[in-house]
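Reviewing the structure listed below.
For clarity, chains are labelled A, B, C and D in written order, and residue numbers in each chain start from 1.
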Amino acid sequence: MNSKIKVAIIGSTGYGGVELIRFLQHHPQAEIVSVISSSSSGTPISEGFPHLTDIMVQDLDGVVVEEIAAKADLVFTATPSGVSTKLVPQLLDAGLKVVDLSGDFRLKDGASYEQWYKKPAAPASYLEQAVYGLAEVYGDRAAGVPFISNPGCYPTATLLGLIPALKAGLIDHRSIIIDAKSGVSGAGRGTSLMTHFAEINENFKAYKVNKHQHIPEIEQVLGDVAGEQVTVTFTTQLVPMTRGIMSTMYATMNGSYTDQDLVDLYREYYKGRPFVRVRNAGVWPATKEVTGSNYCDIGFAVDTRTNRVTIISVIDNVVKGAAGQAIQNMNLMMGWEENLGLGLTPIYP
Amino acid sequence: MNSKIKVAIIGSTGYGGVELIRFLQHHPQAEIVSVISSSSSGTPISEGFPHLTDIMVQDLDGVVVEEIAAKADLVFTATPSGVSTKLVPQLLDAGLKVVDLSGDFRLKDGASYEQWYKKPAAPASYLEQAVYGLAEVYGDRAAGVPFISNPGCYPTATLLGLIPALKAGLIDHRSIIIDAKSGVSGAGRGTSLMTHFAEINENFKAYKVNKHQHIPEIEQVLGDVAGEQVTVTFTTQLVPMTRGIMSTMYATMNGSYTDQDLVDLYREYYKGRPFVRVRNAGVWPATKEVTGSNYCDIGFAVDTRTNRVTIISVIDNVVKGAAGQAIQNMNLMMGWEENLGLGLTPIYP
Amino acid sequence: MNSKIKVAIIGSTGYGGVELIRFLQHHPQAEIVSVISSSSSGTPISEGFPHLTDIMVQDLDGVVVEEIAAKADLVFTATPSGVSTKLVPQLLDAGLKVVDLSGDFRLKDGASYEQWYKKPAAPASYLEQAVYGLAEVYGDRAAGVPFISNPGCYPTATLLGLIPALKAGLIDHRSIIIDAKSGVSGAGRGTSLMTHFAEINENFKAYKVNKHQHIPEIEQVLGDVAGEQVTVTFTTQLVPMTRGIMSTMYATMNGSYTDQDLVDLYREYYKGRPFVRVRNAGVWPATKEVTGSNYCDIGFAVDTRTNRVTIISVIDNVVKGAAGQAIQNMNLMMGWEENLGLGLTPIYP
Amino acid sequence: MNSKIKVAIIGSTGYGGVELIRFLQHHPQAEIVSVISSSSSGTPISEGFPHLTDIMVQDLDGVVVEEIAAKADLVFTATPSGVSTKLVPQLLDAGLKVVDLSGDFRLKDGASYEQWYKKPAAPASYLEQAVYGLAEVYGDRAAGVPFISNPGCYPTATLLGLIPALKAGLIDHRSIIIDAKSGVSGAGRGTSLMTHFAEINENFKAYKVNKHQHIPEIEQVLGDVAGEQVTVTFTTQLVPMTRGIMSTMYATMNGSYTDQDLVDLYREYYKGRPFVRVRNAGVWPATKEVTGSNYCDIGFAVDTRTNRVTIISVIDNVVKGAAGQAIQNMNLMMGWEENLGLGLTPIYP
C-alpha cells in the first residue's frame, strides 16, 4: 500500500514556488496538499500564473502554521530572506519536515549572516540543525533529517565546479576568482527598475561586485572542503535572459594537468550522481543546454601558458539552483532515489 | 505483459526532431529505437545537441528504409517539404505506420500543393490516404489508421481558434482575417540571414504576406467545416523569441454575442479534449503560458461597436504545432489516451 | 546674428524625456536650458541615466512654472496623462510655447477623453486651442501656433498608414481592422509586473483589446479625413523588444488596385515629407529598419483573392511616436525645416 | 574654401561597413564617394540594408583598386581577416590612405599572426608601417600617417581598462585574468549555427576559451606598456544581445589602493580624451549605457579581502570596437579634433 508524502509550498507565487509545482505535479511519491502565499491567499493560483489554468485549480492558502501542520508532512519554504528566519522554526517545532529555499539557514555563523544579509540571524540552534543540501557533496548527510537548507543558485553552480579540484589539491585556493552570470529570474518576481525589460534587454551589467550575500556561503563550503579558510573574488552579472547561470572560475593549478585529467577527476568524483554532466575535454557547456532541467554541466580549459585552469559550470537557476535541488533534497531526506520526479530532459531550443 | 511500440524519428537533428525525443523519453508506451538523420549519421546525437548528453547516447542512423522497417513499428518523419513526398510512400509500403510532420500530405489537392509549395506533389493515392491530424477536430478519424499528416503550426493555432465559431455559424466566413505571429524556431535550424540573431533581435517583421503555404491548408479545413469555399486574409510575422505562435483572428459576427457566449460555445466544443484551454471572458492568453506544453489556449474579445469578434489563440509551435501534436496523433492511432506522455506543465517563466 | 530657442523638458526622467535630450543635444537652433522632473529634482540627471554621464551634467529642476517661464521659450511636457491636463494651461498662460506629449489634449471632445482615459478632461478652451501635431497630415496648421498636442505612438503609425488610401477613397472605412504591436518602452519606465523582464521575454501578449485609449484618437482623425464617423477594430500587443511599433492594417478596397497603385498614391501624398518612406511594391518594412530614427516606413500587400489590402507601417515608438515627432512639431511651429536636428540614420543592427 | 576628404568603404555590406556609413553621413569633413562590396556590387545598398532606404541611394561598387584610387583619398577596409592582407598593400601602393578594420595588421610579428589566425601573414614591411590605432594610448602616433590598423573589439575594451593601472605599476601583470562578453554582432553578418537566433536567445555560452585571436594583440600592447612580456588568461563569451562588450578584468594590486585612487588615476590618464568616461567610485558601467556611441566607460571594485581589483570596461563593439574608432583614427590621421562626427549620445533604452 503506497501512500504519498503530503507537501505544502509556502511562497507559491514566486518563480521558485511555481517551479516546485511544475516538478511536484509529476513526482510519483509526493502530493501537493497546499499552495500558500502570504499576499494572495483566497484567490486561485492560476489568476497570477495563467500557465497553471486547468492544471492547478485550488485557491492559495494563507500562512497558518497549525493548518499546514494538520495537512502536510513536509514544507518547502520558498520565502524571502528574513521571513524564513522566523517561520521555519515554527514549522519545525510543529513537527513538519522543512526544505528551506531562502538564505536564512545556509551560514552556520549568525554573525556572518548579519554582516552580509543586514538582517537578524535565526536562532543558533536552528542554524546548527540545518543540513546544507548541496546534494552531490553532502547528500549522505540528508537521509532521515527533518531540515535542509537548500543552497543558493550561484553557490550551487560555483561549488559543484570547484570542489573536486580543490579537494584533490589540484588548485591553489588563494587564487580563486569567480565571474558569475545570471538570468533575470534570479532576481525574483518583485518589480524594480533592475528587472524592467527595457533596462535589461540588450544590456549586460554587473551588480554587487564583491558584495553579494552568496560569497560567505561559497567560502564556508570551500573552507570546509579545503580544511582552511578560503577567500574568493566574486563578480555577479545580469544577462538579458530569463533562466540560467554560468559560473566561470579561474584558479592557478598546483602542478601540471590537462583538460582530460580534470575530466577524469570530476567524472570520478561525481560517479553515480545523476545530475552532474562532465563534458568531454575541449567542450564547454552553455546555459541553454540545461534549461528546465536539474543538470549541472561542467567543462574545463587548462591554459598551459599561465598554468591556470578555467572551469565553466552551468545550471538552470530556477531548477538546480532552487526548486529542482529542493526536491532532490526531499528525495534524499526520504531515502528515495535522488532523481525521483526530476528526470525531465532539458528543453531545447 | 506490456510491450511498447518501437518508434523511429527521421529528421532527428531539427528542432521538431529533438522535441519528439524530449517527449518520447517519458512516454510510457513508446520506445525510441532509432534516431535518424540524412546529414549526420554515424555521430552521436549529443554532438549537435549537447543538451542530450548522457540522456541519448546512441549514434544517428542513416535513412535506410529496410533498416527502419526491421527495427521500428512507427516512424515520425520530421523532414522538410519535398523530402517526405518521396520518403513517406516507401515507409508506408514497407509496412510502417507514419506520422508525417512535413507539409507534403496536408493538401488533398496535388495541384494546390504544387501552386503553393512550388514542388511536385506526392502521388494522389497517398494524399488521399493521409488523415489530417488536427486531433481536437478529426481525432475520431485517427484510430487504427496507418498514416497521419500532422497539421502545420500556424494552421493548428488558427483552426482551433476559428472552427467552433464557424461551425456554429456565429461568424461570417467571408470576413475572416488572420494576423499570425511566430517565434523563430518555426523557421527551423537551417542558417539564413532571416534567422541571424542580430537581424531578428529587437525586430518585428512581416514575411510572405498572403503567400504563406499554410494558407491553402487553413482554407481546406475551414471550407470542410463551413461546407463551402472559404478564402482568408493571412499575415505571417516573426517575433524576436524562440518559441510560440499567436494567431489573432478577426471576423464579423452573424448576430449579437458576448464574450461569455463564445467561452461557453468553445468549452462545449472542446469538452473532454485535454489540450484546449478556453480562458474566462475578458482574459487573453499569452504565448509564454503554453511554452513547452501541448496546450492551445484561446480567448475572445467581442467588439460591440463593430460587431466583430477578435479571437486569440496561442500554442508552442514546436509542441502543439509539431512534435506534441504528432505524439498526440500517435496516441490516437494506437487507441491510447490522447495525452499519454504529453502531460507536462508549461515551463514558466 | 543667430539666437537659439531656449527649451525646457518636463518629464526628463522618462524614456520620452531622455530621447528629447538625445536629439536636442544636436539641434542647431535649440538649446536645453532646463531638464525637469517632479520626482528627482536636485540630483544630476546622469544618476538615473548613466548613459548621459559627461554629456548632461546639470541637475534636474523641479516643476515651478515661473522659473520655467523665466528661463525658457518653449516647453516639452513629457508628462503622464492627467498631469498635463493641469500643467499645460499654466505654462501656456505664462506665455510659453508648449509641445505636449501626453494624451490630454489630443481628443477635441472632453467627454470622450473622460470615457477612455477615466480622468477629468482639460478645459474645453485649451482642447480647442491645441493643434494635433501629426506633421505629415496637419503640418500646415502648426506654423506660428503656441501649442501642439503630439500624437500617440500607435496613432502615428496607424494614421500615416491609412490616411492616403482613406482620403483617396480606395478603402472602405467600415472595414478597417488594426492589429498593432509595440515594444516595451511604450509602457514607460514605471515598474510593474507587465514590464518585468522575466514576464515579457520569450512572450507575446495582447492587452486592452478594443479598449486602448488610442482608439478615439485614431477614429477622430480618420473621421476628419473621411468626412464621416469611422469606427475601427483595434488590437494592441506587446513584443519582447524595447523599441518599435508595427501597425498591420486590413481594409476592403473600393475597386481593384495593385501594390504599385498604392505605392504611387502614397509617394504622391507624402511627396516632400522627409520622414515617410514608402517601400517598393512587394517589400514590407521591419521595425528595426527605423530604430533610433524619426522615419515611418510603409508597405502594402494587396490580396486579389479577397480584394483586401494589408498595410504595414512601422515607427520607433520613442522617436516618431514621441520625442522625434515632438521636435518635428517644434520645427514646424518655429517655421524651420521640419527635419532640423532629426536627420539621424537608423541604427542597424 | 573647404574641401572634404573623399572616403570609400570596402566591406559595406557587413555590420562594420554600415556603421561607418551611419557616422560618416554626419561627418562635417568627410564625404562617402564609394561603397564597395565584393559580393553585391551593382545593386543598391538599401536592398540588403533597407534601413538606408532614401538615405544612401547609390549602387555598391566592386573592388577595383584603380577605380577606388581615382575617386577616393582614404579607404576604410572593413574586410575579413585574410582579405586585407592582400588588398591593403595594393591600396597603399596606389597612394590611398587606409584605415584597416581587419586583424591582419595588428600583430607586428607575422609568425604570431600565422599561429593565431591560421593564415599567411601580410608582408613584414606593411606590418611595420601600420600604426596601431588605439587612439587614447597611441593617438599621438597617428597624425599624418597614411595607414592605421584599427584595434579589435575585445582588445579595445580590455586595453583601455588595463593600461593606466599597468603603466602606473598598480597591478601585477602576471595576475591578469580577463573575462570578456560580447553581443552577437561581433560575429559578423555571415550565417552560421552560432549566430542562429534560436541557438543564442536565452543562452549564454563560452567559445574559444584561451584561444581567441585577440589574445596576442592584447599581450603585444600590454607588453609594450609594461616593458616586459605579458601573458593573460582570456575567456570570450557570447551574450544574447546584438551590441556591446563588457570586459571584466581581475588583477592583484601591488599595494593598497582604494576605488577612488583608481578613479583618480584613470581620470588623469584619460584627461582630455573625449571618449573614455571613468565612473565614480562604486559605480560600474553597463553595456547599454554606451550603445550606439563611441564611448568606453570604466569602473572599479577593489576587493580589500584579496587585494585584487576588478576592472569593468564596456564599449559598443560596432562603434568604439570598430567603425567609431576607425573614424576617430581618420580624424587623428588628418589632424582634426578626434571626436569630429562622433559626438552622438548613446541611445537609451
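Throughout what follows, contacts are C-beta pairs under 8 Å (C-beta built on N, C-alpha and C of every residue); 3 or more make two chains touch, one makes a residue touch a chain.
Chain by chain, the UniProt names read as follows: A, B, C, D = N-acetyl-gamma-glutamyl-phosphate reductase.
The structure presented is a predicted model; accordingly, all values stated were derived computationally and were not measured.
By the document's definition of touch, common neighbours of chain B and chain D comprise A, C. Most remote chain with respect to chain D, judged by CA-atom centres, is B. Chain pairs B-C and C-D differ in how many C-beta pairs they share in contact, with the greater number at B-C. A straight line joining the Cα centres of chain A and chain C is 46 Å long. For this pair, chain C with chain D, the centres built from the Cα atoms lie 36 Å apart. One finds 39 Å separating the Cα centroids of chain B and chain C.
Chain B has residues 15, 183, 185, 198, 201-202, 240-243, 286, 288, 291, 349 in contact with two or more other chains. Contacts from chain A toward chain D in the complex involve residues 177, 179, 181, 183, 198-199, 201-207, 209-210, 231-233, 235, 237, 239-244, 246, 248, 250, 284, 286-288, 291, 299, 301, 303, 305-306, 308, 310, 312, 314, 349. By the touch criterion given at the top, residues 15, 18, 21-22, 25-26, 49-55, 185, 201-202, 242-243, 277, 279, 283, 285-286, 288-293, 297, 343-349 of chain B touch chain A in their complex. Within the complex formed with chain D, the chain B residues making contact are 15, 183-185, 189, 191-193, 195-198, 200-202, 240-242.
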